[in-house]
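First the structure, which I've put down as structure tokens, then a few questions once you've had a look.
Chain nomenclature is as follows: A, B, C, D, E and F, assigned in order of appearance, with residue numbering initiated at 1 for each chain independently.
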Amino acid sequence: MSIWEYANPKRFMQTSAWVLPWVAVLALACLVAGLIWGFFFTPDDFRQGSTVKIIYLHVPSAMMAINAWVMMLVTSLIWLVRRHHVSALAAKAAAPIGLTFTVIALVTGAFWGQPMWGTWWAWDPRLTSFLILTLFYLGYIALWQAVENPDTAADLTAVLCLVGSVFALLSRYAVLFWNQGLHQGASLSLDKEENVADVFWLPLLVCIAGFVLLFVALVLMRTRTEIRARRLQALLARERLA
Amino acid sequence: MGALLSRDLRLAMRAGGGFGLGLAFFLLLAVLVPLGVGPEGGTLGRIAPGILWVGALLACLLSLDRIFALDFEDGSLDLLATSPMPLEAVVAVKALAHWMVTGVPLTLVAPVLGVLLNLPVEGYGWLVLSLALGTPALSVIGAFGAALVVGVKRGGLLLSLLVLPLYVPTLIFGAEVVKRGAAGLEVAVPLLLLAGITLAAGALLPFAAAAAIRINLR
Amino acid sequence: MGALLSRDLRLAMRAGGGFGLGLAFFLLLAVLVPLGVGPEGGTLGRIAPGILWVGALLACLLSLDRIFALDFEDGSLDLLATSPMPLEAVVAVKALAHWMVTGVPLTLVAPVLGVLLNLPVEGYGWLVLSLALGTPALSVIGAFGAALVVGVKRGGLLLSLLVLPLYVPTLIFGAEVVKRGAAGLEVAVPLLLLAGITLAAGALLPFAAAAAIRINLR
Amino acid sequence: MELSVSDLAVARGGLRVLEGLSFRLAAGRALILRGPNGVGKTTLLRTLAGLQPPLVGQVSLPPEAIAYAAHADGLKAVLTVAENLEFWAAIHGTDRVGRALEEMNLVALRNRLAANLSAGQKRRLGLARLLVTGREMWLLDEPTVSLDAASVALFGGVVRAHLAAGGAALIATHIDLGLAEAEVLELGPYRAKSPAAGGARGDFDEVFG
Amino acid sequence: MELSVSDLAVARGGLRVLEGLSFRLAAGRALILRGPNGVGKTTLLRTLAGLQPPLVGQVSLPPEAIAYAAHADGLKAVLTVAENLEFWAAIHGTDRVGRALEEMNLVALRNRLAANLSAGQKRRLGLARLLVTGREMWLLDEPTVSLDAASVALFGGVVRAHLAAGGAALIATHIDLGLAEAEVLELGPYRAKSPAAGGARGDFDEVFG
Amino acid sequence: MPDLGKYAFAVLSSYAASLLLLVALVGWTMWRGARVKAQLREVEARQERENG
């Protein structure tokens, strides 16, 4: 059986109905376990003190914020090439989730930056590119909302997602270039994995797993809703035509 | 009056009404300016009051052409002009609705953007206060400008040209309040002038705007 | 192709076409920012490159919705889409026309505004060069955004939200050229990157824009 | 209530289009305006509705007594049928939404967004607005555009009921509305004469003698 | 040149409106499309013109052979009559502006701005555009809206001349154009059936079985 | 409760803000899901009745 069969709405509804509860429970379990472990049972960092506990929210959400966009890019491509409706609707479903994760990364980063860098916000390249990512999410969501015909909206947002991805990458390099040679925001960030000791690393992994699962669960749930909304719209429109 | 207000608010909230877009634009500007100007906190903090005010003003400006143009295009404006409601009241209510969907949210998120622009801590209260006092003037003046260009196709750019000079006093006093507040100086004078502009604009411009609409409908 | 270009230019020149309005907006912004920011020469000179670039970008933005919306509303876009001219060429020509009526004049007056904003003398040449290289990208990217929202009524604000993030790389490299030029530093890298963006956008985006228009006409 | 117009001249775009027009329209009566395209029907109706001033002449009724229905319906696409009518009812301070929906056969559509109506249904909704204004003198500019035969008949009935209740209607139209009792006013003879033919001179004619 | 359509289904707003449509239209012939409001005439013409893809079915003519005249005329208000036509002639690479002006009786108006035309004159200009495209298959959507009787007759003559020169025309209209020789295609029977009545199901019907 | 020291505010606010955002997202998702499901069921039932 080809994997594309799952792109059939009916098939998708059946499969997702079966998968969703498991993913949701697993997501909850991982999140609760990881966050409790991280919050209560890890030591403070010798330099960053207890702020290191923010990492359990900050890093997973930052990772998923980017991954959500990548997923939208892939599903948009699938929609453009193979015209599977579920694919387009999954992209639509993922956008608000990605936006929320982006905001979480920004907010936790700001709360972290305050004690570490002495400022809530610095125009550090990484932070800046995240802010730009937020703007891409906002534009994408606004375009979905502004266009009435669902297929037209799916096509247009898919094109925007493609072009936007290229420009998002370009912005990332532009921002790196922009803040080079200039005053570098006091970056205490432990940029390399090696720097993170095992005591922090293990609960972090659990949290990352939790965020991934949460993302999957939410995308499934929202895609189901979007499919239903789409069918609802089709039924009402047909009523109108009759 | 209540009916018109609630209709305009509802139109703004429903799909395609553009609620939230003004906010997004404000945010965009707060990102673009540092990208152009450079990341140094000191410079940014110094220009933050001005940039935030210019940003609020542009965000307001971009949604102005919705105030009357949509109603003109679908014929509602003709019908409102022949309704028992005085056209002056129509203008005032529509300006109020515009303020509620742009000015109020802008005022509320401004502190967040203040963080992005390194606004000194002392400035936040004054930023919010000055925007709360000044944005109603932006909406009323903008409604007057929108009334002037109501028959012009895609008159957005013309509208900006007409309205921006009228915004100058509001901008100057508004930014001055924040600048002085952030520097810990006396702010009473610009604050009073700002309030004065809002009151005077709110009291007088609806009449001018209604006259302009009558002329344009003729 | 020539016919479409000359028609678009003629439309822009005739009454209501909006030629010169972008310029006037640019000028206004260059006046407003010192009013908002305050007159200290040092700060102004430092932020001048960024402000000029942001201003050029906004002036460009404000006239974007004219690129396709007017033709869509009066049915010309349908007719152009069924004409022998490929839609990609239509987009490219229209972006070119937009650049000729906004980008070129902006580039030419920018030095004057540089004076208003206390831009250091060394910066003028680089300002003009960077705008000449960068504004075509603004028009092409803008045409893509305008193509996306061509069916949306009064989509000006939505258009800004979609287009401004796409302008970020152009803005950064453009402002960087001027800033470095004014400071007497090496500018080759950002200049090349700016030219690269313009070339790539000009070569690829007309296809995306034409696809978006086809979708919107459907 | 009676609309009486005496020696009216109206202008469009600075040019006099109709002149010397006088007529009376009493309560309970309907008057049909006829004339080729461009003769000035729309201009006349807008003048009577108070949207533009007459060049010369008097109109007896104040605009407050008049409900004007133009080509454009003034409908908001993102509001439902009922919401659209409720808005106009609130503006005019009446509460006839339910009756208007019934009379124009819109009850089944009351919760549908105006965007999702067909052209004919939109037009019916636009005409239902007349009923919620509660005004007596109707000025209608081609009211039956895009209506099918059944809806035209329905609308004819509504107009007749309005007349029977003491209202009046002035209708510009090219087609037959089935209102046999209505008088017809042909506008052709009132077309403004050019100055060469002895008509009034424009504002700027005297400048060059 | 022949337009042949086989088993065509067209959709609007995601809904199938017409289906099972087959017809042929040979050079020198005209075909009138009839049907109540909302049956899908405009949708069909847009599909044939290549502006939207058909749901199923084949259209034999490429869009390059087709000149489409929609409700909107695509006129620029700030260009003169001649400039408007010259633009479209240049786009289509023809040089028939003079002839088109003559045939549609626009010579006297050639230097007038389109903004200052009456509705009927605007429509005539919109129809003159068909002549400068030099294309053989005309698709016309209610071409005579707002034309007076004389202009309708003039236009009838233009269509007849086009047919005589080997062209063809597909015309959606509610009124009589005086083209006695044209065949009529009633679209009512091709209205898409609802799934309950055995029609094709939409994209999302299968979701819930 | 672990001793968060002088950074208590930063850590607690981060957790509070993040959890709030997550809960809001999940809540909105479930609410909208339930609403659309109910609406669809209603329309399906109605059309069943009318066609059936």
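Definition applied: contacts are C-beta pairs under 8 Å (C-beta built on N, C-alpha and C of every residue); 3 or more make two chains touch, one makes a residue touch a chain.
Given the structure is predicted, the values throughout are model-derived calculations rather than measurements.
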| item | value |
| --- | --- |
| Chain F reached from chain A - shortest hop count over touching chains | 1 |
| Identity of the chain that, by mean CA position, is farthest from chain A | D |
| Two chains sharing the most C-beta contacts | B-C |
| Chain A and chain E, separation of their C-alpha mean positions in angstrom | 48 |
| Rounded Å distance between chain C and chain F, as computed from the means of their C-alpha atoms | 41 |
| Separation of chain E from chain F, taking each centre as the mean of its C-alpha atoms, in whole Å | 50 |
| Centroid spacing, where centroids are CA-atom means, of chain B and chain F in whole angstrom | 33 |
| For chain B, residues that touch 2 or more chains besides their own | 15-16, 21, 24, 28, 31, 35, 38 |
| Overlap residues in chain A, where contacts from two or more other chains coincide | 132, 135, 138-139, 142, 146, 148, 175, 178, 231, 237 |
| Numbers and ranges of chain D residues touching at least 2 other chains | none |
| Chain A residues touching chain C - in the complex, by the definition given at the top | 132, 135-136, 138-139, 142-143, 146-147, 152, 155-156, 159-160, 162-164, 167-168, 170-171, 173-175, 177-178 |
| Chain B to chain D touching residues, read off their complex | 2-4, 7, 10-11, 14-17, 71, 73-76, 78-85, 217-218 |
| Of chain F, residues touching chain A in the complex | 1-8, 10-11, 13-15, 17-18, 21-22, 24-26, 29-30, 32-33, 36-37, 39-40, 43-44, 47 |
| Sites on chain C touched by chain A in the complex | 144, 148-149, 151-152, 155, 158, 161-162, 164-166, 168-169, 172-173, 176, 189-190, 193, 197, 205, 208, 211-212, 215-216, 218 |
| In the complex with chain A, residue positions of chain B that touch it | 15-16, 20-21, 24, 27-28, 31, 34-35, 38-41, 44, 115-116, 118 |
